[in-house]
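The structure is given below, and queries will be raised subsequently.
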Amino acid sequence: MSLAFHVRARRGDFDLDVAFASPARAIGLVGPSGAGKTTLLQGLAGLTPVKTARLTIDDELVVDTEAGLAPPPHRRSVGYVFQEGRLFPHLQVGTNVGFARPYVADPMSVGDALRLVDLEGFERRWPSTLSGGEMRRAAIARALVARPRLLLLDEPFSGLDHARRAALIPHLLRLREEVPMIVVSHDPRDVEALCQDVVVIAAGRRVS
Amino acid sequence: MKAAAGLTRRGSLIVLFALAVAACSSRQETASPVTVFAAASLTDALGAIAQDYERETGRPIRLSFAASGAVARQVEAGAPADVVILADHPWMDRLQTVGAIRADSRRDLLGNRLVIVAASDATIDGDPLVWLQHTGGRLAVGDPDSVPAGAYAREWLTGRGVWGDLRPLLVMGGDVRAVLAFVARGEAQLGVVYASDARSTQAVRIVLEPPADQQPKIVYPAALTAAASPEAARFLDHLRSPAAAARFRQFGFETLD
Amino acid sequence: MFEPLSPFEIQALALSLRVAAAALIGLLPVALALAWLLARVRFPGRWLVEAFVNMPLVLPPVVTGLVLLSVFGVRGPIGGWLREAFGVTLAFHWTGAALAAGIMALPLVVRPLRLSLEGVDRHLEQAAASLGAPPLHVFLRITLPLAAPGIVAGVLLGFARAFGEFGATITFAGSIPGETQTVPVAIYAALQRADGEPAAIRLAVVSVIVSIAALFVSEWANRRVTRGRSDL
């Protein structure tokens, strides 16, 4: 099993309970707005409080809150790429991408990461000068430098037009082999080209 | 860790800058100064004597003037004074009671006289105090609770039987120099100050000076504080030297032998 | 009146700069901690902390000075202990003037600090954490730099307030030339003298210049810090 998880969370009236397992390397997480996709993703990354969470990556138990195994986000080695990238606006692209280097034993070099996403030479650019697609690719490169065990991509295609979406997909395909990923989208066609398996959720529960 | 290092570098630069400002503004001192806290009426006289002393001995003198009551409270509260000179006995007694001064160093240093002053260009008919009551002006005095000049004024005017009549016309000053300033600026028509104060500015003139038998007994005690240095003792001795006495008389004080 | 400053006035100015700088250096970590507490942490009795922080803003400054005297004076609980244990006296020393100025400036510094901390995008902090940065590094590398414009504004506002502090200073630290006679206190002392008006006016002009300079530096620093960040 590449990936197995079970997350339970509560946000006011909203109740989330989703479990899934798959040998696939890229898993799509699909559902309408408000289904709980972001909550689920952030729960796996440790960025939001949950009732219980269990995560196994490549058959290794990484998180099991009920057993007391709940490392904080900076020790979980789960990469998270936010919608629209969220590069640090006060740092150049190169510093952004290399941000994780001090915290990781064997980080990827900034040059290699930028090359993987076709942003060679962008080190000294400022985030505010990048296009939407470039920002997302830079954010992906940033996450990769930390050599995460799992990559979570929250709506990487939202706000991109068809041409740019098509341009982003080959990069993600290349990454699939390096690291397992969960890709969130509210549009199922986006994940078709990329993901080998799909979880559909609605109102906090799995629908398929 | 370049980003974090850059931040720490910027942060330490700011701290260094601030410390440099602080250091630059320190007084450059070759010898540690003798700090004198004194009654406000001594401002000019002590200023001149301190200048003479610094020139002769190279030892800096730091002067701080306030009403005797304020000085006493500050010294009681730990203010860094070496020598204390006040304008009456009660405040010095208080310091002696709490052990803030060395009783064996206490001496009566100077005397003074009370006068009534008015603005130099004021026209006054007859007895100034009577004139004041007729014209409805104001009389500036020190706050009797903290300014000896005010307490002496109250003593004298009570002795003349006019304190009660004058009470509604009073303006209180925080120290005797403030009283002088009130008169100089025209905020009060008359003021009760020391003869030495009247000489310190052209803006006022003396309009009434009680004869010696009506003057209250004004005396300035001086003492070393409990933690004073040997240099402070030397300065206190200097204040009783003939040279210093001449200076005090020059500024209108009476010296005691 | 337009003569260069006399030694007395230069002394007051130098002392004011030193006192205000010391006050800021001392209060900045406290203000940062309080701003963080109020911006990010939910705890019972929050409103109490807020009220305490804002107190110097609404209390008459002389009352604050009186409180300082009662607590930090040599006969007060903390002042007495400081003297016994370390031989340190704050009342009527420049360090006491710095303490008074710092306390009066605290609410003016906490407010913009807190606002700018609240304005930092949490997602950015979360991104940093997900990249392996422990909480302290997230604070130093992400939160602080992004909050920098507000911090600069707060520090300069605090500096100007500390520079101009009078009521608490004169009550707790007195008016000792070269030790605690800062510019505002010196202006007051000059006005007490019959011939002091020109000196008072010169010092007042100095105060205005310092305030304007603080505003300029604040603007300049703000521009430098936000260079390249057109989205901020």
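Which chain is which? They are A, B and C, in the order written, and residues in each are numbered from 1.
Here, contacts are C-beta pairs under 8 Å (C-beta built on N, C-alpha and C of every residue); 3 or more make two chains touch, one makes a residue touch a chain.
As the structure is a prediction and not an experimental result, all values here were calculated from the model.
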Chain whose Cα centroid lies at the greatest distance from that of subunit A: B
Chain occupying the middle, per Cα centroid: C
CA centroid of subunit A to CA centroid of subunit B, Å: 76
Intercentroid distance (Cα basis), subunit C paired with subunit A, Å: 44
Chain centre separation in whole Å, for subunit C relative to subunit B (CA means): 32
Shared interface positions of subunit A, touching two or more other chains: 99, 102
Residues of subunit B whose C-beta touches two or more other chains: 3-4
Set of subunit C residues in contact with two or more other chains: 137, 141, 145
Touching residues (chain side subunit A, partner subunit C) in the complex: 42, 45, 47, 72-80, 82, 86, 88-90, 99-100, 102-104, 126, 128, 139, 142-143, 145-146
Contact set on subunit C toward subunit A in their complex: 121, 123-124, 126-135, 137-138, 141-142, 145-146, 148, 228-232
Footprint of subunit B on subunit C - complex, ascending: 11, 14-15, 17-18, 21-22, 24-25, 69, 73-75, 79, 83, 89, 91-93, 137, 140-141, 144-145, 174-179, 191-196
Complex interface listing, subunit B residues touching subunit C: 3-4, 7-8, 15, 18, 21-22, 24-27, 43, 62-64, 66, 70, 74, 77-80, 174-175, 177-178, 180-181, 184-185, 200-201, 203-204
